[in-house]
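Shown below is the structure under consideration.
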Amino acid sequence: MRSLIDILDLSVEELDGLIQTALAIIDDPARFSQCCRGKQLAALFFEPSTRTRLSFESAMLALGGQVLSVTGAGGSSVSKGESIADTAKVVSCYADIIAMRHPQEGAALVAAENASIPVINAGDGGHCHPTQTLADLLTIYREKGRFTGLTVGICGDLKYGRTVHSLIGAMSRYEGTRFVLISPPELAVPDYVRAALRESGIPFSETASLEESLPGLDLLYMTRIQRERFDDLALYEALKDSYVLNEEKMKAAKADMCVLHPLPRVNEISVAVDKDPRACYFRQAFNGKIMRMALILKLLSEKEERRDSRRYVHHLHCKNARCISRTEQELPQAFYAVPGEGIFRCRYCDQEG
Amino acid sequence: MRSLIDILDLSVEELDGLIQTALAIIDDPARFSQCCRGKQLAALFFEPSTRTRLSFESAMLALGGQVLSVTGAGGSSVSKGESIADTAKVVSCYADIIAMRHPQEGAALVAAENASIPVINAGDGGHCHPTQTLADLLTIYREKGRFTGLTVGICGDLKYGRTVHSLIGAMSRYEGTRFVLISPPELAVPDYVRAALRESGIPFSETASLEESLPGLDLLYMTRIQRERFDDLALYEALKDSYVLNEEKMKAAKADMCVLHPLPRVNEISVAVDKDPRACYFRQAFNGKIMRMALILKLLSEKEERRDSRRYVHHLHCKNARCISRTEQELPQAFYAVPGEGIFRCRYCDQEG
Amino acid sequence: MRSLIDILDLSVEELDGLIQTALAIIDDPARFSQCCRGKQLAALFFEPSTRTRLSFESAMLALGGQVLSVTGAGGSSVSKGESIADTAKVVSCYADIIAMRHPQEGAALVAAENASIPVINAGDGGHCHPTQTLADLLTIYREKGRFTGLTVGICGDLKYGRTVHSLIGAMSRYEGTRFVLISPPELAVPDYVRAALRESGIPFSETASLEESLPGLDLLYMTRIQRERFDDLALYEALKDSYVLNEEKMKAAKADMCVLHPLPRVNEISVAVDKDPRACYFRQAFNGKIMRMALILKLLSEKEERRDSRRYVHHLHCKNARCISRTEQELPQAFYAVPGEGIFRCRYCDQEG
């Protein structure tokens, strides 16, 4: 049994396999419409994310499977103080595969290690959201026909943007990728991302100007800038419009540039841009469903366990208040050494110990 | 692709078609049990209405289809400030048809214009609720065997009663309909309803007495009187019992009169009346499921677009605080001229501009 | 049509039948995977209980049926003040069988008497929870191979523990059962339970010490002790650990003792005990799904009405604030005489009148 917690759990070859399956599904959905007959997906959404939940449920139903749905901690035994481990063990008695969204970082990993069925991380706090990255990758492949030699602009909140970090990690594995990181200095990528890029020798530049960056981009990945992120609201008001993509700015972009967005959008892309053929974000939502179908098929067919070749030390304590290791019953602390960095990170939330 | 926003979107012929389909379903449900195999209904209920949601979901399942369910804005991306248009575009990537309930008036219309799949209005604020009227009409047809020559009593809150206005609109299209409008003066029908009845020459009378009206009725459509509607609670207390239907009052009614109620009932019909064969309101709930089955079948088979032959002006601004045009991103104001009335109404909520 | 409100609605023979069906399902699930094709279960959960709801839904889906799901009074017409009777009548128009969880005691009985389809009590306040007891019984049978001659330890909150009272009632019907009732005096079994045991001559002892009781037990049924139950928190703190089952205490137990727990567990069983082969509580969760499958099959095949041979008196008034008879519209009070006790109990909540 395999689970998917972090996008990097999948090798480049496995990713290619998922994309080939996805293309086959798009080509002939009927061929796959009974693949999961008699199987049940438990969609455990302990925080609201309607889009992601519907995408998973729709994917399972399109494979001929069935769905058990849990939304909000309120309607959950979690509210009676049950541990993630127990929830995972019990749901394993009912369903064949779990998709879990949880506000605590590392929750999906704890579930995977206690469930007897595959677990898909549908978002664990600010930590990982691998199926969003699968949607991004299928969209890039379908729109550009390749993953290599692309200049990828990423705009908005690069500091807290979970999907941004996963996308950088995933695209860094392809030949000739260059990143243009577009954000106000307050929301630039964290140091460890910058360090990882330098270490693996991926060319990247950082800028505050969307307008100046546009002409050079093959892809533009837009994200939302949340006012809550700013101590200085005047500053927020001053710069927010410069990160809004509109028809005017689109004129400066290449004719074949792709605009992606994880959605939901608030106002960072003008509705007027939707009819521009370069606007890919709604096709991206469709691709998200298809990749989830491919992933469910893959995990239900996997026999082997999830690999974990890391060595752990247990003398440190995680400082991340949102880490599952803070609340989960009788869960031992565990940290791994980061090669080169000479530091240790929590195995659950990957925060420095 | 066709959507159903307002009951009057359906011609009398289309309504007859739906009723014929409904009768065929009742006659042989098994014949229809696989009609929607592999299709998904997205039930998007952004405000609670368990009965209506279950009716839609049960209808889709009885057709062999599947259901995606969203309940409460809390569990929805809407809470992240997503527009109705975006929600409709994204859900179109997952499902084959949408049933939407939303507190804002005009929300279903906005969804229909942005979705690439049919949208059924399952209630948009105090505006429209066409599938309730479909349930009412099938019940009338099954109980009376015709739509023509019926004296229709409507009792209770005729001022705010959304289902009441739709029923009046629908029944006004049939030969020989007469209305007896029974309510306290505070809750009489709005002027525009009265005006419309006069204009199309439908005979109607208005009275405050249920008791006196009963003997002449072929149908009695009961609705709830909510105390919140009264400024003067003493007045409410004084008259509320006179609008409660009980065994005693039923003695004055025709032997073949039908009692309808959209449900939920609070106490406006005594439980003791339930066993009276003239009490049709639970059969009405069953008919609601059947008509939703017929409607889903019709809309999934329709090819053409929803017709809209109106001309719109854009210089006015909607004053209705609950209108979707107040909040929806980049949605242009639009008003249509009302023939005869010499006024303009908002295309989304139909309020005077 | 039959409903299940209280575990004692089922005769010992009927229970054996359910267990035989359950064993057949475990032996060859595929044989049952289409038994409920085209049938719909309405899971009406008017208070949160994710585990129980998922168990019912998963059971119905595994039988090839479909599910309508209602969670939380918030999302329900009940919030509009609808009676349980009306809800039951309306849902009977949509579904083929109902599983109902409701905070008021007697709610499931009222639903059963108004529905035209079978109703399963999935928990009515602190009153009954028969399908939990079905899970307990299948677990006992599968682990011990028999129901007779067992010494059953029950530990924790025996005063309010709904599942505890049902289990005592069910096991009291088997030859050679002995009970060891382990709790702090504050949380000992209610007098009527003690009286019933004495009357039917079932041997039982009461003790405050889990440790001393362990060696003699064939089964240990653990339940949670909630701090809210204590007026004196110091007392709670003082004794709570003595009711926590851990590896150390397990050393004193028989090699073939079974540990059961209705779940969710908070900390009354150490996670370290999970890997002990005598820990049956997760298998118990699996058994709960299987027994619900067996029960759904039985009730959907039953023709006869639920039996009620009791005589009722109507001059008393129920004093239980959580009894459905306090709020349900036009519901007559009804009390039955308890043989021997010379008292009357409410037919809805079984509280003394």
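Residue numbering begins at 1 within each chain, and the chains themselves are lettered A, B and C in the order written.
The rule is simple: contacts are C-beta pairs under 8 Å (C-beta built on N, C-alpha and C of every residue); 3 or more make two chains touch, one makes a residue touch a chain.
Because the structure is a prediction, the values reported are computed rather than measured.
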C-alpha-based rotation, chain A on chain B, 0 to 180 degrees, nearest 5: 120
Self-contact between copies chain A and chain C, residue sets same or different by half: different
Distance from the mean Cα position of chain C to that of chain A, given in whole angstrom: 41
In chain B, residues with contacts to at least two other chains: 69, 71
In the complex with chain B, residue positions of chain C that touch it: 38, 40, 42, 66, 68-71, 74-83, 85-86, 89-91, 93-95, 329-330
Residue ranges of chain A in contact with chain B within the complex: 30, 33, 45, 48-51, 54-55, 57-58, 61-62, 69, 71-72, 263-267, 270-272, 274, 282, 285-286, 288-289
